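For clarity, chains are labelled A, B, C, D, E, F, G, H, I, J, K and L in written order, and residue numbers in each chain start from 1.
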């Protein structure tokens, strides 16, 4: 099916830029949701239960935006790709270690990952400023959510 | 953290076999949940809405067992691994195509993928018969769920 | 439509035995649901209200397993049959009397019917031990439910 | 228990006519609920899921009026009979075929069955006009429900 | 405030007849709701709890129609009167005894009271046939409810 | 699509009369729902909030019957028309003024509009008495609802 | 049934005093609930809707304590009496006028009635100080509720 | 009432432009909600049920923004007008055909109508960029919703 | 941990008396909750279902106050003890028989146990009058609950 | 508005004392709710999340009693004052520090603040013993709530 | 704790401006929530109930944004301050009078306070245009909410 | 009542073994529920709140299986015994210490108790393999639940 069956409301060049931004964000968020689950199962130590629960809230937030971002891509005529191979090749997130992790190591890794994703999202907000304000609005909402989460994870390192 | 901090209720050899089964199943189910989402976003054609909704039920079922299977691994002292790289290297599921797909092609691919996973699960049920009945019970329940889904997807090909 | 459009995960002989067990159970459960409704409308006497309500709980339980048993049959490639003529010709349950019934007579009839169905279910659990563990698991759950109901109905005869 | 323990608010001849109408309707509705379940499990083909769900809505509607009609019979002093043998001997509905059915065949059969039941209900509404307005009111409500369902099933044949 | 501030949709004579029927029914239903509460608090004996609960269902039904009947009177321009003195002077219901009552005596009294009210309602349904079909429709619904309750109370005397 | 794809349960002349009644009622109710929204947004004055909320209850009631009336038309084989041009050409309701309105003016206009619609509905109830009792039953229920609303709006003018 | 079947936890004289207080309060609260309903149906004027709704909150509060007070009487071995004749003969509340009432007149009457009941309740709180602290606690809670309502009704007269 | 009783937070010229945009959008959305209902009642053909349900989701979305857009107009001191005559004279949407429609024709018409409304909304977003950012934010949210719906309707044409 | 880590708001002697009362009540309530469960499982006979359900309401009430009483003890600096050995050595409740019990025997035993506990609670209310009014208030509420339950159990013996 | 529009159920001197107690408590509880929010936003450190959540429970409890205490004041004819200037001038609570705080410091401050408020409440309970038992009852309930919270905050310091 | 433990995603000067805007808004919203509560308790007069309820909706809206604004400050590394002394010294809102207030005076004061806050918010929206779009988006949403409330309060003055 | 009023579905020797297993499990689970409550009230220290909440989840899990296990015993004709004396004499669980306990000591004790109960349950699963598969299925489910809890408690010791 070579030609897109979905007509875009955007001009071709705007669609290309916006679609690229959405596809990059989709890949990162899927990776984030799997990393957070991985951490959820492997965290150990004195603060175990509190961190275990907070990670599931992060999974829920990531999954919610995975869906909204992918459906926004479809809505502008871009076929979203969220298969595991695509994620492995394109995710911008730092790697997460294997095996059991202490609560401290878990927190540090999550804080670093969120910081990187927030930095990228702010760049993408700029990129969409000229190409599609509707998509930008969605990214602003997502960024507000992740920055709030970032504060809550950092607060535990103080 | 070389040594597992979780004491297993199983003898060492039983734990190794059971852990292997759980880890394989975990990887397949994560792959299944991402494939079903991919299909959910990319399906097009007259039956679009019905297939779109049915795929989200499959995502929900897969995610539910992803969690139960991983936590069962933790409970017997095995650190579960569900990171994207692990999934790409170890998933037993057939590949799913990129881009927009017709409803028929979507249904055919899902039916094939479910058939393969059910075949593997029935082998794993046999493997756990001697090593851990608690894990076997979890796999029986998962198999009943996937076989029911399998029927419902096949029914549309008749 | 001579050939089944649903591919079975079971070998042919296992499928035949398992399908027979499911079809027999389906017929009995439909009969049970109609008998319990009949009793619900025709019971009279001092304990009327308590028995009237308890019968509706039995209807709900029977209807729940009617659906699960029929869909399990579909899932292994057997077309389930639950039409009234099939039920009349194949139900294993003792007959229930016509017209208004005292609470005592109602209780006695229900206790006898449940006892017979439980006896049959335990035979069917044995039959499926070699053919399909997934179906056996479903029958075990159903038997636990009916045996609990059986106790509660007997308790009123003491 | 030869004599009815429930005193009727109706005169004897009105009670006989009204009771006959209610008993006929009860038998048809039980048959309808079982036919719709049978169809629910055996439908196959491209429109499978949509028809599968719509049939369960028909089951729910039929079951709701099964109860209201039977309890109305009890309320006017008539013992309702809804046992399978009674249904087989007295149902006015056309027979439904065995085995897997295509979506088209399923729709055609349901449309025909509903048309016949609606025709009968309109005769019964006339019969109760002189004998019991309360029962007539219940039949009007039931007819409105089935005629709406009838339209929705026909709409798929256009 | 001598003149009614609410304009009636009915002609004057139809309004007078319909208003009289609604006012009589209102008074009876208030009395019924207080009698049922009285019985609810004073019943004693082996079947205490079952009768105690069933009486509260009767209170709820009576209260629901108290409101609908009074608001229907307002809607046709008749000021409804439901004060205790009005109820004492105009209620058509048989008296209910004071003090603790056995379950049997309670049931017998409620059966008798319901029979009398049903008889009166059927007369009122005839009276409104020529004056206001909308009000008649409301009385039909109320009668169906009370006749069902009547059966359930009688059923305990069998 | 010249011929109706939906077979009517009514004879041709009964269908024509009943269909006309339903189509007229549909048009009036859509108009009523838009007028009530218009009033909801434009009311000002000391009683603003109370009237603002009460208007939304009227919108909800009108919308509920818009759907039931249109689907009843479909059920008897008449294609319902609820497009704005049809509403403008056929609505029987008095016009509602533009711009901000005081609470008093709002109440007076709504009372007048409801009075007119109730008068028309009572004529339509008579028309359907010989052609379709099922439709008549629906109009009785709708009239009861609007007459109750009519009282509540008048009560504020006293 | 001359002798009370319920053994009292109180000494005879304490039981007599406490029982008298509860019976008086029961009668007043039933009267209050009927007066508030009467007002709810008959209020007219610009503030109609707000007063109409507030009266139903008063009905709900009165009914809740009707039940708690009567069941407290039963709990200390006193048969509660709440029949209409008892209420007419024993209620301490001022009479409420017949027919349609303006919002102002309605508010004034309710304020006066609440003031009188609160005065009586404070006397009854004193009476139970020596006889039953559990009953006193219930009256304190009821008084807090009615005094709050009293403020809210007075606030509209300012 | 010549002068607006609501003081605007905007300067006069900004208020005029923003108010015009909101009034145009209000009229289109009311038209859209009626068209979608019209289609909901008149669609026929094999995919009937799926399209019938999807149209009701479009009605719900349209109604939600009807209210938000009208209340935003009120909030900036503009009296919103949503009466049927205003809608007929000012709606920008293409006409929708009368009578029963096949599922394909229904889908094609809805896709075309949504495309036109989205085009207009993007122009209006530009117009409000200089006059009121709060209103622009509301239009962005509405556009995201309609573009997502547009994709889902197009997906069925592939 | 010899010294209490929780600072008491009470003087030492008041704390000792109040703590003793709370500890005694805690032990009795745990015993009551286990006795009621024991009875719930072992009751048989015609009234089985009604008594079975009523016992679970008693369990729920007992468990609710177990928690409130223990946490009140903690709040005043007393470590509560609710271990089985403590309960066996200190419970004031009469013993409950082993094995299946008829409904009558069950009721009689529960009535006796509640009477004894109520007697003790009234003594404890007096004891706390000088030491802690907050605790006394909690006991008053508990006593009201148990006395109401006591009436309902006695009512079945009449 | 010099004279109170709300008539007090209390004698003048009792009203003065009770009103003073309620006004003091109102001011303290508003302060407590703002302090707990301040702490909720500024806490940092290893136990961050647990303390962050527990503080919001304290906010909820404080806000609930803010409302009940203020409405009790209104109910006895005292105009409650909860404006920020009043709170600053009259609050009895110790000051809370500015800026980020460690979890330990947060806990210590909250424990000290609660201890002081509990001490004051116990004095106020004594003051109202002679002036208004209804108000005293409200204070007892509030004290029980705060003492339970106090224990839970202290428990973390052990 | 001199240095902020939360790393800001903003450059230092952007952080300073944005932080100032958020702190000012936080202080105003806390003041608004307390003023609205004060008004809620002290309003009297014929429209009492309607205004009393509308004020609680304003409290709820204010409290919701208090939390979101404070947590946004934390998220960009600014410690929010919401203590009463800070509010008294920094709130931009006009003062609210002490004691009982008529409904008219209450409405006038709230309208004036909202107008002032809206004016300030529109300035702050401009200030954040260059420093943080995420914060600006939050302020746009808050302004839409307050402008809608402003209209509803003004509508009562017309 | 020497003879069991409940007929067993099992042969005598199977019933004896299965009944023994259920009775042992019942006793252990009651003990576990009381120990977890004891720990819930007496835990102190830095992690107080987290452990306090997690213990209540353990209480809920234990209570759920107390009921299912006891009702399973009744269902096979064995009278279950859960009285405190029986628990003290037969519980297999290690003793739990008196008085306040640190979070670490609490965790260690719970981990040890769960390990012992899991070891016993696995033996009982073997015992029931030959006597009653239905009971075994219930034990498998219980074991899965406790092993998951065991992991979560251990994770905090890592």
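Heads up, the rule we're going with is that a residue touches a chain if its C-beta (ideal position, glycine included) is under 8 Å from a C-beta of that chain, and two chains touch if they have at least 3 such contacts.
Because the structure is predicted, anything quoted here is derived from the model rather than measured.
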Practice prompt. Among the listed pairs D-E, B-D or E-G, choose the one whose interface is a repeat of A-B, with over half of the contact pairs the same by residue number.
Written response: E-G
Worksheet item: How many Å are there between the centre of chain C and the centre of chain K, using C-alpha atoms for each centre?
Response: 63
Worksheet item: What whole-Å value do you get for the distance between chain E and chain J if each is reduced to the mean of its CA atoms?
Response: 50
Fill in: Centroid spacing, where centroids are CA-atom means, of chain J and chain K in whole angstrom
23
Discussion item. Show the residues in chain I shared as contacts by 2 or more other chains, in ascending order.
Written reply: 5-6, 44, 47, 50, 71, 74, 100, 102, 137, 155, 158
Worksheet item: Between which chains is there touch?
Response: A-B, A-H, A-J, A-K, A-L, B-C, B-D, B-H, B-L, C-D, C-E, C-I, C-L, D-E, D-F, D-H, E-F, E-G, E-I, F-G, F-H, F-K, G-I, G-J, G-K, H-K, I-J, I-L, J-K, J-L
Practice prompt. Sort out for me which residues of chain K touch chain F in the complex.
Written response: 47, 50, 54, 152, 155-156, 158
Worksheet item: Within the complex, which stretch of chain L touches chain C?
Response: 1, 5-7, 9, 71-72, 74-77, 133-134, 137-138
Discussion item. Which residues of chain I touch chain L once you look at their complex with the stated criterion?
Written reply: 1, 4-6, 30-31, 34-35, 37-38, 41-42, 44, 66-67, 70-71, 73-74, 79-85, 87-88, 91, 96, 98-102
Worksheet item: Which of the residues in chain L come into contact with chain B in the complex?
Response: 115, 118-119, 122, 125, 137, 140-141, 143-144, 147-148, 150-151, 154-155, 157-158
Fill in: chain A residues touching chain L - in the complex, by the definition given at the top
43-46, 48-50, 52, 100, 102
